[in-house]
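There are two complexes below, and they share chain A, which is joined by chain B in the first and by chain C in the second.
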Partner chain A sequence: MLDAIISTRELLGRVDELLRTQRVIGPVRRDVPDATPPVRWFYEPVSSARQLDLGFAYCVYSPKQYLLPPRETLLEFHRTPDGFSARPVSDAQPTALIGVHPCDLHALVTLDRAFSHNGDDEHYQARRRRLLIVGVDCGKPCTPGVYCADMRANVADEGFDVMLQPLGAGADVERFGVRFGSPRGRAWLEAGGGCERPTAADERAADAWQERKEASFGRTLTTAHEDLPAMMARSYDSLIWEATARRCYSCGSCNLVCPTCYCFDVHDELDLSLQEGRRCREWDGCQLQDFALVAGGHNFRSKAAARLRHRLMRKSKWIGERTGGKGCVGCARCDRACTARISTVEIYNQLAEEV
Partner chain B sequence: MKPRIAIFSLTSCEGCSLAILELENELLDLLGAVEIVNFREGMTERSWDIDVGFVDGAVSTPEDEREVTRYRACCKTLVAIGACACLGGVNTLKNRQEMESYRTYVYGERARWFPTTDARPISAVVKVDYELPGCPMNNREFLRLVKCLLAGVPFALPNYAVCVECKKAGNLCLYERGQMCLGPVTRAGCNAICPHYGSKCEACRGLLGAEALAAARLNMREIWKVDEERVLADLRLYGAYQGDGSKP
Partner chain C sequence: MPRESVLEAGPVADIGAMAASPYLPEAARVLSVRSLTAMERLFDLEFADGRALGHAPGQFVQVSLLGIGECPISICSSPTRPQRFQLCIRKAGVVTAALHALRGGDMVGIRGPLGRGFDVSELHGKDVLIVAGGLGLAPARSLIQYVIDERARFGAFHLLYGAKHPSELLFREDLHAWRDDPAVDFHMTVDRPDEGWRGRVGVVTTLFRELPPLDPQRTVVAVIGPPVMFKFVLLEVLARRIPQGRVYCSLERRMKCGVGKCGHCQANDVYVCQEGPVFTYGRLKALREAIE
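Right after this comes the complex of A and B.
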């Protein structure tokens, strides 16, 4: 059921309205002549709604950087005669994220849960509270190799303030079916007076669109979604980890592009005076050699094979168990980012054949 | 007492020494925290009572050998800065050529006035306490080391690949544009500056380790099917010196 219909023109008008008071982030198209296909999309701040390309295939990086930046300052401290004093630092600002596909919406839900597990992560939550999320549905697999349908992440019912369903086909979508996910989303979109009531014909068009979408997704994994955790549990001692990890650089690219990878490292930086400094946090990744290195010099996962297994266990089993969200949304960014062409799909299917 | 610092140059372009002078915003604070007592690029006075000596350049002549031995003797802490001092750097390209031919090529008839040796990192000649690799070294990393020394806390180079910083910078990976970037096998710390501006990483900060290199050999052969010689030629630009006398 649709809550409303809005024309592309009205929608862009609402986005331009947002731009008067806040930062707007969305898919921006970049030409890359020497890549195949010769174009990529990135989530970037825009200064006009016209810069958004809501018909994008996929963004190279997920929007997680706007909630968990690659590098951030958590607090500033300075030495005092009797110790030190510290002051929290936050760069949270009102932001609208326009144009998030279902896979990334699921991933944002996972992050929300991870950063409220055992108490709120204040820096994350301060950004989250100021974030308006507008999803846009995808009509078909955005690029070969994705397995979002296998992970039940190609359709999203939560994680947005507003969800847009492009009605009609092709690049020149003129109307969107709208579902509201929060009063805030509704208030923003309806304020312009441009929302229409959906007609019976609109509902039929939306249903037909949805059916075409569902039909266009094949299955990539040989293991059903609900069986994946158990299959992985049986695969812990498989030789496939070792055999595959021979090619792994431990470069961590797979972690850093992953929309649900949320591990970070914290360190202090001092000024030359040694009197002032700041505590910073940066993205970390479980594929990096020193990720599980602890004081005293012991490394719990010193071998690439152990790290590769750890990552896939996290994605298919442990993050789900820990947060109740999805550990993997099947966007296949990891597979595309891997310069060793290590494929998570291949690993899952090889393991399934074995056990 | 402020630590007494010296900056020396062996066979190099001295760009790493210059990188220190380029710390324009921090230079005054730096001079407030340390005393520079010997720096050809920046001053005329000289002292040989030194707490921390920074050396750029490779050991490439008998004179370099004598000089670096002297630096070691005069400096309580010795730091190699830049690809030349840490790896041998581009100077090591000559190690794979005939000595007579490159000497004549460079110095012509006066070649015999300029005795030379294979180019080596300074750690091949004397004990080195810290290394700040890169061509040039990253002067932010230099500052970080200075601060660690001042505060008496441990310093370590990033022990992960350039890809990490490349991803944090939000770059499109050059493999997607058909370039065999050396980022996956190269030590980070440069903020992936080359990939960020569209050129592949050339490993000026040195290789990460045996595991990554073994992976590279497999991937170049089996996945990318590129000529191994081509990749080796890239690796040799800064890393032709192997320590064990082998010529990769």
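Right after this comes the complex of A and C.
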């Protein structure tokens, strides 16, 4: 059921209205003529709603950087001869994230859960409370090789303030079906007076659109979604880990692009005065050689095979069991980013063949 | 014309909103620093505001030198001695090297106590066997002191300690005191003796020969040491038919955030900084990465 209908023109007007008071982030098209593929999209700040390309295929990086920046300052401190003073800081600012596909909406829910499980991470939550999330439905697999449908992440019922469903096709979408996920989402969109009541024809068109979407997704994963954790549990001692790790460079590209990877490192920076400084956190990756190294030299995950297994166990089993969020949304960014052409879904399928 | 944002809150202008940051250390004063070995020093600390640490034996803290970094250190004193808390710190990296340069009166940052230590109420009324190897004696000492201070609450108390070399023996004053204490059945050994060594030689598991028969129904065991030690000590313990739910192990991992988020300390799916560092063997054996 749709809550409202809004024209593209009215919608962009509402985004421009947001831009008067806050930062707006959305998919921006970048043409890279000599590269493959020659067209790419990135979540970037825009200065006008016209810069958004809501018909984008996929963004190279997930929007996680706007909740968990690649690098952020946690504390500012001042050292004195007889001690120190330190204060937590945040540069969180009101931000609207416009144009998030269902897979990334699921991933944002995963992050929300991770940073509230066993106590809030206030630095994350300060950003989250200031984030308006507007989803846009994708309509079909954005590229061959995605397995979002296998992960039940190609449709989103939560994780947004407003969800938009294009009515029509291609770049000529003139109207969107709207579902509201929060009072503040509704308040924002309705304030312009441009929302219409959906007609019976609109509902039929939306249903038909959803049916076409569902039919367009094939299945890549040979294990049923609900059986994946148990299959992985049986695969702990598989030789596939070592066989795959022979190709793995432990570069951490998969961690970097993964919308549900959130591990981080913490380090200090000191100004030349040696008095003022910052404690910062930075993305880290469980595939990197030193991730589990302790002082004294013992590395609790010194082999690439163990690190590969650790990452996929988190994605397919542990994150879900721990917080209920999806550890993997099937976006295939890891497969695209892998310098050694290792495919996560192919590993799942190889393991399933074995056990 | 300024307008109100559709979002509930504006920029984080006042720091009050961030006061709940789990990463903010509290100021603590170094009361004294003593050298235990060439590598380890013992720090006596108190919070600047005078409050007790309020920890359980086996818990840890994150120690900060702002501008240099933070590292996880287990607490080596018992909560039964709340006037100050003690940390035994091995010089092993950048932060610990800088900590070794501190003197009495210097300030450090402390976050904690963190993690889950020993549930001492589970230990009350039982015979206690503590097996410590190497630097594992530091966290073990928080429990050893507890048992000694609350001696009437426990049955027999056996304590086994193994070090690589006589020069690496920690807490020498304590070792003498435990040896002379009739209420402590204390045995120690070194792997490699030097010329002056008159004590036992061999790995820590050889000390099990010194133990009287243990009553599996009323004995609890704590095993704290380097990764290589666990398996062999556990074999000795299990051979004496101690139930796995009453065998506790303390794990070392790279705790970075200390609040179950950053991922560094994970043993399989478990965040050691949250569920541990103290686990029952019954729990640990399901964690393949815990003991390998």
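Note that the second predicted complex is superposed on the first by the 353 of 355 C-alpha atoms of A that agree within 3 Å, B and C clash if a C-alpha of one lies under 4 Å from a C-alpha of the other, contacts with A are read in each partner's own complex, and residues count from 1 in each chain.
What we mean here is this: contacts are C-beta pairs under 8 Å (C-beta built on N, C-alpha and C of every residue); 3 or more make two chains touch, one makes a residue touch a chain.
These numbers were taken from a predicted model, which means no experiment stands behind them.
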| item | value |
| --- | --- |
| Which of chain B and chain C A:Tyr348 touches, first, second, both or neither | neither |
| First, second, both or neither for A:Trp241, with chain B first and chain C second | neither |
| Which of chain B and chain C A:Leu274 touches, first, second, both or neither | both |
| Which superposed partner A:Tyr147 touches (first chain B, second chain C, both, neither) | neither |
| Touching partner for A:Gln65 - first (chain B), second (chain C), both, neither | first |
| Partner chain in contact with A:Ser253 - chain B first, chain C second, else both or neither | first |
| Chain B versus chain C as contact partner of A:Ala340, first or second or both or neither | first |
| Superposed model, chain A: greater residue contact from chain B or chain C | C |
| Touching both chain C and chain B, counted on chain A across the two superposed complexes | 269-270, 274 |
| Chain A partner contacts - residues on chain B that touch it in the complex | 26, 29-30, 32-33, 143-144, 146-147, 150-151, 159-161, 163-164, 167-170, 172-173, 175-178, 181, 183-185, 208-209, 211-212, 214-216, 218-219, 222-223 |
| Chain C partner contacts - residues on chain A that touch it in the complex | 18, 20-22, 74-75, 77, 79, 82-84, 86-94, 96, 114-115, 117-123, 126, 129-132, 184, 187-188, 191, 236, 262-270, 274, 277, 279, 281, 284, 286, 291-296, 298, 300-301, 306, 310, 313-314, 317-318, 321-322 |
| Interfacial residue positions of chain C with respect to chain A in the complex | 2-12, 15, 17-25, 27, 48, 66-71, 90, 92-93, 96, 105, 107, 109, 226-227, 252-254, 256-257, 259-264, 266-269, 271, 274, 288-289 |
| Chain B contact footprint on chain A (complex, rising order) | 30, 32, 34-35, 40, 42, 60-61, 65, 70-71, 246-253, 256-257, 269-274, 282-283, 285, 288-290, 304, 336-337, 339-341 |
